[in-house]
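Order of writing sets the chain letters: A, B, C, D and E. Residues in each chain are counted from 1.
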Amino acid sequence: MLPELTIALVILFLPLVSFVLLIFFGKRFTEKSGLIGTTFLGIDLLFAIYILFAKLATDTVWDFTFTWIDFNTIVNQIPLKLDIGIMVDSLTAVMLVVVTLISFLVHVFSLAYMKDDVRYSRYYANLGIFTFSMLGIVVTNNYLLMYVFWELVGLSSYLLIGHWYEKKSASDAAKKAFIVNRVGDLGFFIGIMIVWMQYSTTTYTGIFSAIGNGNVPFDSNTWLTAAGLLIFCGAIGKSAQFPLHVWLPDAMEGPTPVSALIHAATMVAAGVYLVARTFPMLTADALMVIAYFGAVTAFISATIAIVQNDIKKILAYSTVSQLGYMVMGLGVGAYTAGVMHLVTHAAFKAGLFLASGSVIYAMHHALHHLNDHHTDAQDVRFMGGLRTKMPLTFWTMTIFTLAISGVPLTSGFLSKDEILAGTLAFSHFTGHSIIPIIGFFVAGLTAFYMFRMLILTFMGEHKDAHRIEHIHESPRVITVPLMVLAALSFFVFFSFNPINASQGWFFHNVEYPVISVPKTVASTPTEEFVEEIHHQHTTAMVLSVAISGLGILLAFVTYYWKKISADAFERALKPLHTFLYRKWYFDELYDATAVAATLAVARILAWFDGTVVDGIVNGAAWLTKIGAVVSGKFDSLVVDGLVNFTAFFAGMMGQTVQKVQTGKVQTYMIFAIVGLMVLLALYI
Amino acid sequence: MLETIINNLSNIQAEVIITVTLCVVLLVHLIDRKNTSLLTLISAAGLAVAMYILSGAVGVNSSAFSGMLSIDPFATFFKIVIVLATLVVVVMSRFSDEVNAEKKTIGEYYFLLLSMCLGMMFMVGASNLLMMYLTLEMSSLSSYVASGFTRKAKDSSEASLKYLLYGAFSSGVMLYGISIVYGLTGTLDIVGINQMLMQGSASPLALIVSSIFILVGFGYKISAVPFHFWTPDVYEGAPTTITAFLSVASKAAGFAMMMRAFKVMFIDSSVMNLPEGTWVFIQGVHIQNALMILSVLTMTLGNLVALWQDNVKRLLAYSSIAQAGYMLLGLVVLSNDGFSAVMVYFAVYLFMNLGAFYVVMLIANKINSEHIDQYRGLGKRSPLLAVALAVFLISLTGLPPTAGFIGKWMIFLSLINAKMVVVAVIGVLNSVVSLYYYVRIIRNMFLRDEQSATIEPFKFPLAQQVLLLTLLIPTLYFGLFFNQLVEFAQMSVQMFGMK
Amino acid sequence: MELKILNIGVLTWLTFLPIIGMIIVLLLPKEQKTAVRWTSLVFTLLQVVLAFLVFIKFDRSMAGVNSADTMQFKEVFDWINVKSTGWFGSIKIEYFLGIDGISMPMVFLTAIISCIAVISSWTIEKSIKGYFALLLLLDTGMMGVFVSLDFFLFYIFWEVMLLPMYFLIGVWGGPRREYAAIKFFLYTLLGSVLLLLAMLALYFSVTIIDPASGEKIHTFNMLAMMNPANYEPGSILSGVSTSWRYLAYIAIFIGFAIKVPIFPFHTWLPDAHVEAPTAISVILAGVLLKMGTYGLLRIGFPIFPDAAMHYLYPLAFLGFINIIYGAFCAMAQKDFKKLIAYSSVSHMGIVILGMAAMNTQGMLGGMLQMFNHGTITAMLFLIVGVIYDRTHTRGLDDFGGLMNKMPKYSGVMMIAFFAAIGLPGLSGFISEAFSFLGAFQTFRWLTIASAFGIVLTAGYMLWTLQRVFLGTLPEKWNDLTDINARELSMLIPLAIIVIVLGVYPNLMLDVMNASANTLVDFVKGSAGATIIN
Amino acid sequence: MNLYEIIFYFFAAITVGSAAIVVFSRNIVYSAFALLFTFFGVAGIYVLLNADFLAITQLLVYVGGILVLLLFGVMLTTNTVSLDVKPGSLNVLPAVSVVAVIAGLLGGVYWTSDWFVSTQMGELMNQTTSKEIGNALITTHVLPFEIASVILLVAIVGAAMMARREKVN
Amino acid sequence: MTITLTHFLFISAALFSFGLYAVLTRRNAIMVLMGIELILNSANINFLAFSRFGGMNLEGQMAAIFVIILAAAEAAIALAIVLNIYKRFNTVNVDEISYLKD
């Protein structure tokens, strides 16, 4: 096996080791456990960086496959094997760094943030298992293994969201996250079944080459589309795409660093990664659907984000929206742009969360100090004017906000307008102009609500003059990660050209994969598409800058200079506001339909089982009615159930027959004679 | 002349021994009214000798007394069963309080027991309708009296009266049937009858009427529905020992007689092309489906009514009716393996049913009640007894690894072999039903604790335990190793004058 | 493969060790409670050791299924041999033991579960002698079923289990024990009598040449019954796809379905589980349920390939119903044990579905699921038992926040729960995945429908987890103690198995692989062949 | 209408008539005495059937033995105050129907079916049968004969046992 | 017309029916016994008639003899039992002696 792959494996397993250590001996070295986890991740990060550079140096894809389970020869079929393995290409390499980096920073951050937590070591252990499974998703080279890690990620997210499981809301959120994801995974799994059945392998290369040879599931391109979309279902779940996005905002019940790591940067991005991996087998229709899913998601969540007051909720919805962006990007065919946005977003969104964490940390301490337990430490309406008190947090936060709003010179700008260009190109080819419209609109919204948040939090006057006294800048361990991420939010790390990334190393290395679907159903050929993107690039750039500028301006006008009264608007558009504030009533809808239905069915069936099935098989129902009558002799031996029915029936028969046992011998004789005559009657 | 009688007698040594024994018992009791154990001893000895002789007679296949009596393996097998049963019951009686209470008439008791035994031994060999009637009456007469043996007890007396009236009535009907058959064929010898019937001159109506009339007699003896009505009352009223004896020996004798009569009289030997070991009834007396109906009715009714019994003796009475139903199935098949199945069934039935009644008797000795609720907590008070009873009951249900399973298994084997699947299904379903009431007793013994606080364990003398084990061990042994048993049964199927 | 100890075959040892133990237990004086416990433990442990030995020595390449030559650890003796009398073929019953890939995992499972059952019965006080004697007898019965290759022998063992089970539930069970016990007894008896009839019908249809005497005889030898050539022309079950054969198959199927239990024959299960003492629930769920599916694999499919193929879809459909129906019922339960009982209905459905797929992945998945479900559900019941011992309640709503109070316990619980949910890395996932993968190839839409079961499962499992372990601890349980060494000692081995098989399923798979392939091949092949002629 | 027939109808009338009285009389004593006539008539019919020995036996055993026994029974079991012991009869209706059917059946049988008849009458036609019967009893029917003796023994012992008076103490 | 076999048979049929009726209806045990005697007699008539018209073969007569013997024995035992019953129950009405029943 290649040395690089060995290292990749090491990267993969180091976090697991830390998990095992902490889960078993966590009690032993209580507060040291944080450091342990962090060191492990540090080493991991170094390796990852090494791998990245090694990969950038070469074009070869490192792949190692081995047979996990050998089914031997099956009836009239080729020998069936279950192959799994790992693979490192540019995408993987990049993702490795992203994951390890964010994870490392979160580890550091948590050192302070989670210091006096009840389950400190458990927390770090869970971080470990999460990192492990996330890395697993990245390095594996086949769908089955990916599914495995996919589920493990789900588990660790479950554990981390439910970290404060004493809170009902927390455990609810955890449960919700897992189950909603399961729904998506169901589709993913079915997709895998189709693939496996058709190609009896699950390795990407195997599948794609097979498709390349014109071998499509059940000889129908529809099924190929279906397979692609089913796999995409996994992404819908994990990346919180409409309509399964409902779990992500609730997931904010988890500790803020966790939100940063899992629910902003890495895990939710896994869905996008999945789509990227699956890209070669996605037909035009599939891509179209995906694009629309992304667009709708982006739009809905952006609108919701506008009216939220909980700082983490705002970020959560912006995350959903951004994820929608990425998915849309991939959907329209802007492969690299989508992936790149994934990377850039990882950086600044993680930053945003950590920064908000820092704010909450401060607020929390302040409130704690004043032992004020009513005020919500996360509600932006209680904040404001923190700029002076915590400058570092403020400046970093500003940078992130600019990045996410797609202001030039930031990383976000690069990826975002590549995507927008992509949408334009897409509409040019397909005529679906609604996609770019949504794209630009959402860009504006994003700028607006992000700055709303920033302004409400840091600028203006603090709502409570007394509280502001007790707010201090967070300690170094918290601010350093912020600064690192802030640095990474600048364009230089992705391309030296501040306005166009397409010459940067990223585009150079993470290039479009070879589309393997049959020409007839394939989307626009890559080179044409790239060409068109180049044409659209300038338009996109100008438009996006303008629109986001507009959004920023609007934000300032409304919330800083108070030229426009937000409350007035709110009052004017009350219904709309509530509608958005209640997140389009998705949760209510689902509770009212899916959940309620399930539980109802469950109850009905349980009743059915207890009464009717027992009844049909058993006639228990009968027994209860008539059993009472005869219960004198009907003792507990004659149980309900088959027993009862038969016994009851039998019993009835028995009793009737018994009646003739009158004790009068002559009656007996008569019966005997009658019987005799009956027998004779058989023959005469 | 004389020597014919002599060598005829040599054929029935066992019976002679029994006869002698019963006279001796009577005399001894006249001489010494105190010594009851001596009576037991003598009767047991006599039976043992008879047993020995019979074991010598295995395989003999001849006929004696100018065709009145056939001495064939079939008869011998049943004789062995009967003598064994008698032996067991004699020993049982030794331990039975209700029997020993009747000091004065204890001699008569053993006398009656032996005479019953004698009558039955003749029954199984009888190959002449007159003989059949005579011997049937002989065993019946003594059983009337025997079931009323504890005559001070009301229920016992009532039992004897009912038994008497019902028995006399049925045998009367049977006799009438016999007379008609005689009219049709001009002979009473069953082989002769068969020859006459084979000529096909006999008018079908009279034939069927007579055969059904005769069936009444047999049905009464084996207590098959609808001729079973006497059974529960008599079994409940009679002393437990007698009940046990009737349920096994008298049923066995009845079956043997019935099988012989029907097979020999009504077999159609002209029909060839049949699978080996099977036969059919003569045209006009195809009472096969009549028998089938009887058997189904018998087992079903027995089981269903048994569900409701709270008196264990009565419950066992109904169960024995049901068991008769199963055995009838073996008869219905009209094939040797069916017959051998019945014989195997009897062999195991001997142990399990006697065992069950024996335990009931022992318990009655202690708590002098046969009500099922009195059995609570028996598992604690006397584990050995309770476990033994459980085994016997399970065996009666027909679950492996007990002998009862083999009995049922052989029956169903023959049924399936004859492709009588429907009947087989009914049979097995019945055995499921039967589980209810057998388990009911087990449940009371183990699952329910006694309500009264006084749980002093029962003590039983070694002798009683020995008898218990002698019944228990075969019940388990034959469940797993039934090789010899089945071989013996198959060997014993052949009757005199049959191929 | 041969393995003899004191010149007695290892399978015989495996089967009858518990009987020896039972006898010793019975001979011990009533007072010697600890002695009784330890004897039973020692003997079951010995059994485990032997099972493991067999597992090691087992030749992975030999398939078995329908060929006696590739059966391993064979032991063949004449048991019953009634000389033929002219009119009646000789009854010949063999004491024929042997195992192949189908039975090997079950043997292993039985040994482990019995041992664990003994450990978990440590706290039994009520007439302990009887209890352990019956437990050991039960053990023999179960083991016998899995090793016997003669139908008669199989049936004997099959029935031998009933009575001990009846007593174990009926005497040591919960408040409604009598009811549950008799219900179990009657249901299973009903099933087995149908089995009996089918067995007899087979007996008369199959003839082989007796090697000893050289004459034609009927036989109970299962392997002989699998060979269409052995069927006597004109006999009741001869020919192909005749209605008689279908009937016989259905009879057999019902017999086994009741044990599995397959809807609608499942209603005995919740009662039995709820009332039975922990150890017995463990055995019930761990081993007894598997007998049904095992029976189908060992008898139903290979002896009636035509009928099996003919009823493949209904079978799969029943599997589907089991999965969904069981899951829904589980979701609505308030009683912890009942919930798990229904969850095993759901999980056994996956086995059925996998078997019905009639291809390697499905078959393997099903067989592996049999083993995994055995271990996982055993864990779950033990977990319930632990909490029940402490609090004497099983109401899901009486708990909460145990996670803090009993961390070790919760750790094990996590493994069990997520294994049941089918989380990758734990054994449950592999088997379920393969079952579905296999089934998908045969029944596309049905499998997709069934796959919703995995969502439901996650639903009720996590809900339970939340209700019992998360949240805040009610005041009344403040003095709960965490799981003790004894309880760990029975949970840990299972947990290890679950994890190891989750990561490296090959350990079990390669034992079953050859057999599974051969079975599928044989059933499809002979059914195909038979359909042709 | 020859003498034979006259005698036949005479005896037949006696038999059936008295039998009817036996069955239907309200008074048990009447029935008992009616039974006497029935037996007598039957004996007569025996004679007509060339069964002289049987006829005698019938008279001896039945009239001399059984009937007396029955009368004893009547006497011993009826408090002499009123001879009319609850004569009532139960479930008449079913009995009547049943008996009617049976009677009809038998009638049908006897009317339709042809029996084993041989016209050539042996020399027994015109001489007593007692000799042959005697022979038969010790040759062909010796076993029934012995058994009958045992039966009688059983009867005696059994009856004695049943009927013996237990001491009152 | 002359007396044929059938005449005798009809007599026996009549006796049988009367006997049956008595057995089935009369409450007094002794009456029942009488009925049984009638049945036996009817059977005997059959035997003798058949033996007479069947070419005078003695088998019927032998049967009849044994039947008579049995009747005697039965009567003896029956009487004993009835007396015993009378001792216990102070009645011989069959229908009143019905304590054993379900």
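Convention: contacts are C-beta pairs under 8 Å (C-beta built on N, C-alpha and C of every residue); 3 or more make two chains touch, one makes a residue touch a chain.
All of these numbers come straight from a predicted model, not from anything done at the bench.
Student: Shortest hop count from subunit B to subunit D along touching chains?
Tutor: Contact-graph shortest path, subunit B to subunit D, evaluates to 1.
Student: Looking at mean CA positions, which chain is nearest the middle of everything shown?
Tutor: Closest chain centre to the overall C-alpha centroid: C.
Student: Determine, using the mean of C-alpha atoms as each chain's centre, which chain is farthest from subunit C.
Tutor: Centre of mass proxy via C-alpha means gives D as farthest from subunit C.
Student: If you tally the C-beta contacts for D-E and for A-B, which one comes out higher?
Tutor: If we tally the contacting C-beta pairs, D-E comes out ahead.
Student: Going by C-alpha centroids, which chain is farthest from subunit E? Tell me that one.
Tutor: A
Student: Between subunit B and subunit E, what's the gap in Å when you average each chain's C-alpha atoms?
Tutor: About 27 Å separates the centre of subunit B from that of subunit E.
Student: Could you give the separation in Å between the centres of subunit B and subunit C, each centre being the mean of its C-alpha atoms?
Tutor: A distance of 42 Å separates the two centres.
Student: So, what's the distance in Å between the C-alpha centres of subunit C and subunit A?
Tutor: Roughly 38 Å, centre to centre.
Student: What's the distance between the Cα centroids of subunit A and subunit D, rounded to whole Å?
Tutor: Subunit A and subunit D have C-alpha centres separated by 103 Å.
Student: Where does subunit C touch two or more other chains at once, residue-wise?
Tutor: 178, 182, 186, 190 - these are the residues of subunit C that touch more than one other chain.
Student: Got the subunit D residues that touch at least 2 other chains?
Tutor: 90-91, 94-95, 98, 102, 105-106, 115-116, 118, 140-141, 144, 148, 151, 154-155, 158-162
Student: I need the residues of subunit B touching at least two other chains; which ones are they?
Tutor: Residues 130, 134, 137, 141, 144-145, 148, 151-152, 160-162, 165, 169, 173, 180, 183, 186, 205, 209, 232-233, 305, 308, 436, 439, 443 of subunit B touch two or more partner chains.
Student: Which two-chain combinations touch?
Tutor: A-B, A-C, A-D, A-E, B-C, B-D, B-E, D-E
Student: Which residues of subunit E touch subunit D in the complex?
Tutor: That would be residues 2-3, 5-11, 13-22, 24-31, 33-35, 37-38, 41, 44-45, 48-58, 61-62, 64-66, 68-77, 79-84, 86, 92-93, 95 of subunit E.
Student: Over in the complex, which subunit C residues touch subunit B? Could you list them?
Tutor: Touch list, subunit C to subunit B: 80-83, 85-88, 91, 127, 155-156, 159-160, 162-163, 166-167, 170-171, 177-178, 181-182, 185-186, 189-190, 193-194, 196-197, 200-201, 203-204, 236.
Student: Which part of subunit B faces subunit C closely enough to touch in the complex?
Tutor: Where subunit B meets subunit C, its residues are 275-278, 335-337, 340, 380, 394, 399-401, 405, 409, 412-413, 416-417, 419, 421, 424-425, 428-429, 431-432, 435-436, 439, 443, 446-448, 480-483, 486-487, 490-491, 493.
Student: For subunit C, which residues count as touching subunit A in their complex?
Tutor: 178-179, 182-183, 186-187, 190, 263-268, 325, 328-329, 331-333, 359-361, 364, 401, 403-404, 411, 418, 423-425, 429, 433, 436-437, 440-441, 447-448, 451-452, 454-456, 458-460, 462-463, 466, 470-472, 505-506, 509-510, 513-514, 517, 520-521, 524-525
Student: Residue numbers of subunit A touching subunit D in their complex, please.
Tutor: 664, 666-667, 670, 673-674, 677, 680
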